[in-house]
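Would you mind keeping the following structure in view while I ask a few things?
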Amino acid sequence: MSEIIALAGQNLISPMILFFALGMAAALARSDLSFPEAVAKGMSLYLLFAIGFKGGVGVAAHGVDLGLVLALLAGIVLSAGLPFVAFGLLRVMTRLSVTDAAAVAAHYGSISIVTFVAASALLQAQGVAFEGYMVAVAAAMEAPAILAALWIIARAGGRPDDSPGLWREILLNGSIVLLVGAFAIGWITGEDGQAEIAAFIEAPFKGVLCLFLLDMGLVAGRGLRSARGALAPAVLAFGVTMPVVGAVLGLGAGLVIGLSPGGVALLMVLSASASYIAVPAAMRVALPEANPAVSLTLALGVTFPFNLTLGIPLYLAVASRAAGG
Amino acid sequence: MSEIIALAGQNLISPMILFFALGMAAALARSDLSFPEAVAKGMSLYLLFAIGFKGGVGVAAHGVDLGLVLALLAGIVLSAGLPFVAFGLLRVMTRLSVTDAAAVAAHYGSISIVTFVAASALLQAQGVAFEGYMVAVAAAMEAPAILAALWIIARAGGRPDDSPGLWREILLNGSIVLLVGAFAIGWITGEDGQAEIAAFIEAPFKGVLCLFLLDMGLVAGRGLRSARGALAPAVLAFGVTMPVVGAVLGLGAGLVIGLSPGGVALLMVLSASASYIAVPAAMRVALPEANPAVSLTLALGVTFPFNLTLGIPLYLAVASRAAGG
Amino acid sequence: MSEIIALAGQNLISPMILFFALGMAAALARSDLSFPEAVAKGMSLYLLFAIGFKGGVGVAAHGVDLGLVLALLAGIVLSAGLPFVAFGLLRVMTRLSVTDAAAVAAHYGSISIVTFVAASALLQAQGVAFEGYMVAVAAAMEAPAILAALWIIARAGGRPDDSPGLWREILLNGSIVLLVGAFAIGWITGEDGQAEIAAFIEAPFKGVLCLFLLDMGLVAGRGLRSARGALAPAVLAFGVTMPVVGAVLGLGAGLVIGLSPGGVALLMVLSASASYIAVPAAMRVALPEANPAVSLTLALGVTFPFNLTLGIPLYLAVASRAAGG
Amino acid sequence: MEMHDAKRVEIIIEAMMEKRLATALERAGVTGYTVLPVSGGSGRWGPWSREGQVGRATGMVAVVCLIRPDRLDGLLKEAFAVLDRHIGVVSVSDTQILRAERF
Amino acid sequence: MEMHDAKRVEIIIEAMMEKRLATALERAGVTGYTVLPVSGGSGRWGPWSREGQVGRATGMVAVVCLIRPDRLDGLLKEAFAVLDRHIGVVSVSDTQILRAERF
Amino acid sequence: MEMHDAKRVEIIIEAMMEKRLATALERAGVTGYTVLPVSGGSGRWGPWSREGQVGRATGMVAVVCLIRPDRLDGLLKEAFAVLDRHIGVVSVSDTQILRAERF
């Protein structure tokens, strides 16, 4: 326990977290500090490119086994199952409408790639190894949650817009394509490819991540400020309960399929995290009546900071114990 | 021959080419992966800055001789001459109107700086040396082709808009100014300047190039998709014939003026490549009736990928033989 | 003296200055070379992030003493006092209206962070040490000058718009928040934080600075071109007189509080430099009748290049003598 | 200069719906339109801005379409089918255009 | 499609003043508006462009606001209090809107 | 608020031609205009978008110009000389402006 607290304390004063906190504080104090949209998108493209490629190189180095397939399956099952858990919790805990609850549930079944990136950075800093293919698992967990949420809403009498165009949009959305594509290219080109572009994707990675987290803090803070009042306490409580529930389910799945302690920790992180890019966009198309401010503010303003500060070190500590690291 | 195939095969699985292919595939599959315009322009400014500066430092290191003057002259003659060859081929091979054929011819007389950058990267990876001033040759080859095409169209009875403003726009267009300016500054500051900014222009270069090629693949793929049908098979055939013709002429010129094998290969690449930044813009002003989709799609969607994948290794192999590398 | 000239000469052929000159020349020749707004803003965010963080790490390494407090006080006094000097000079030397003179005075009391960055780069290249907290002094000098200028204009019968919102905007403007925030985070995380992101904020720094100066040269050249005629010779003369006056006052203050030679040089640079980001924006809100072209062109087109080329080496030489470096 | 009566239709719609709107316009026989970026705004769910945003969920675009008056009804019908459940606004103003043969 | 009379108010104002204008619009009871970025222009102080600019002093934005005609006066009064000493232009055109219940 | 009759001229033109149009407007005595970026559109050569583009050949801008009605003819003549062979559209709408003394 004291070990967990020490780890969390250490995590809390890392530049990554402090820059996120700086962004949130600046936005709440109504500073005009802001990143141009193009710069924010450029940084996110860089992070996806780098994390995907490094994951692929990892797989090329260590070979691929049944573990990859099992992990992908586990990820898909978690992503499709978590929305039901989230939806149930929301209907019990909060007064959100069915539509809003289903939309929020989709966010929590899916994943936040920056939370994943921050967690891998912490693992690396701690010297904890993990499976390179976890980045592929992250990609596989983006979409099933959307399907589950649309099924929930349809059962509840709603009429989600699930035209064929929607499915291409979800499965071929930019972040999935870049993540999976870079992963495949890293896998194909392996150590040789790595040697060519290592200087671009490794040395500056942490610094770019700090800047990106500063931007996310700004966006999250702005969201919280303009949504103040719109989020009932019970909804806020869901925002810190659901990640813990998700992490526990991720822990179970990770142990069942026999991931390394680092891999288990990452599966917990993925399950605990909530999408703020792919799912919000899909929900605007498929469930336009859902209030985007609720799910986005919850995912970005509550769950993301919770995971970043307390969640990740907690999940890592638990995973190390449970998977005997 | 088998050596050429081996080189081409190796080239085909480099990260650079795979990221270009990823972009093209994503665009053809209608993924919404895309780079903001500002990020794309930022990457291209970086590449021009870095390649120009490195070329200048190279000249500062190895001194300058008659070779530079001869190479500049050869470049200007090629750029001015190739449009006539291209125009002739187009009129024989295709049914493009005189206006469209002249516009396309201007593109093929001029050069694509990214093709040049990709070729220099391959040369460096292969350990093949080349003259630092080739980047100045590239700059010198941008504009003469436009003059030639306007002359062709004027002779054919067209009335290109060649107001004085146009000439300043062409000669002082942003990419030429940055390329030549960075070249001059690299030359002036030499090793000292290099030492100051090497970490910025060298280590990350390949990685940025990969991301930029991903973006070019996306743009090329989108162009191909929306121009499908507009490009007759004969026009497509021109897109792979003309680079080979250009390369042969570049080879001759390079041998005549006595460039090193690496230099000959780059002159072939420059002659084989087609402009997709400077010339399209100039044509919109001078020949507004020409259909921009034809020349841009051909240059970016057909000739660029052809050169990137097959052309460059081919030209390098031929140059090595012919110039006795 | 010859030593100063040698230093200035060396400075003049550094890549930084040459890229600024390239930008100015390109803009004056009406080239269309330009940076997207988002890229320019991205580079400036990077520079603030890096310089703030490095300053904080410096303070963490060397500890903090009375010197920091004294330097902050000196900076605030200079920033609040210089506008009176500038306003007096302007009323004597030029025919600017009271409003325009007050607006210009606010610019010269405040500071230009890029001038500060360029000076620190030169100090580092020369191996001259300076206090890490000078970056905090720079931040402290941004706002007092605005207060002073509004007081001047109010006394002269003007009615500046100093609503409460204005003060938050000035004190929490983006650059101050990022600079001070990164400084604080650098201080808190110290060597450990530095180790994490050093590769991002150190190696590429000079290269980014060169690109940013190229952009500033373009903007300054465009400003000069469109303001030609609007700036009377006497106003131009002010643009090179005031920095020298400011530097002398900065020298005095630096000696009085006992800064190191490098610190004195930087305090001179801060006093000599004129704001072109924070103050212009504040003036648009508070003094909308002031002509922004006058102060911006003067600060960016005259004083900035003067400091960059001649001023900085001069101040450094004087500071080294006076503070016995 | 000879001017011709026309309608200026301005559709402010969620960025996610841009492609669907384009398809709908094509269906309505409209081939000319121009898309302007939107940086922020305010609506029933409060103010928003694109600053620092990565996702596309909270963005909008403004689509401007100049058409001959007799094509207006077809356009509105198709556009409305897309907009229907979505946020966004449509306004139609009288205007005059040059070079009417192109519309 | 049923259309309703409305006004299209277009306010081109300094970027620095955008937040103050938003507050003023809120005061006037206007909750719907859209902000478009501006890349350059020309006025009494000559031409300007945002290219390569870092500071916000020389930027503008275009705020488009569709309102019911009877709300126009309130809007203009509040907007003018913000614009007053500042550069910028305001134009009001007649237009027709769909879904009037939202305005 | 006192309003004055005016014309709102909107010229959507190739980005490459922006400077030439600015010169033409100056020639016509027009000193005030605002340029809005365009992110995409569709015309006789099909749809296009600026996403990921580096070159300027396939971009457009929207130039908005508020003028006193009596200056319209001069403006259109000069603008048309620039547009003539180029792609792009011009529309003119009736509008009302505040602070007419500035136009």
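When the chains are written out, they are named A, B, C, D, E and F in that same order, and each has its own residue count from 1.
Methods note: a contact is a pair of C-beta atoms (placed from the backbone, for glycine too) under 8 Å apart; a residue touches a chain by one contact, two chains touch by 3 or more.
As the structure is a prediction and not an experimental result, all values here were calculated from the model.
Common neighbours of chain B and chain F under the contact definition above are absent. Separation of chain B from chain E in touch steps, taking the shortest path, is 2.
Most remote chain with respect to chain B, judged by CA-atom centres, is E. Comparing the centres of all chains, each the average of its CA atoms, the largest separation from chain F belongs to A. Between chain E and chain F the centroid-to-centroid distance comes to 18 Å (mean Cα coordinates, whole Å).
In terms of their C-alpha centroids, the spacing between chain A and chain E amounts to 38 Å. The distance from the centre of chain C to the centre of chain D, each centre being the mean of the chain's C-alpha atoms, comes to 45 Å. Residue positions of chain F with contacts to 2 or more other chains are 36-37, 47, 49, 56, 93-94.
In chain B, the residues that touch at least two other chains are 32, 34-39, 41-42, 203-204. Contact between chains, as defined at the top, is found for A-B, A-C, A-D, B-C, B-F, C-E, D-E, D-F, E-F.
Residues 36-39, 41-42, 45-46, 49, 53, 168-169, 172-174, 177-178, 181-182, 184-185, 188-189, 193, 196-197, 199-201, 203-204 of chain B are the ones that touch chain C when the two sit in their complex. Within the complex, the chain D residues that touch chain F are 1, 3, 6, 8, 22, 25, 31-37, 61, 64, 66, 93-99, 102.
Within the complex formed with chain D, the residues of chain F that make contact are 10, 12, 36-44, 47, 49, 60, 62, 73, 76-77, 80, 83, 89-94.
Across the complex, chain A meets chain C through its residues 13-15, 18-19, 22, 26, 29-39, 42, 125, 203-208, 210-211, 214. Against chain A, in their complex, chain D makes its touches with residues 14, 16-17, 19-20, 45-58, 85-87.
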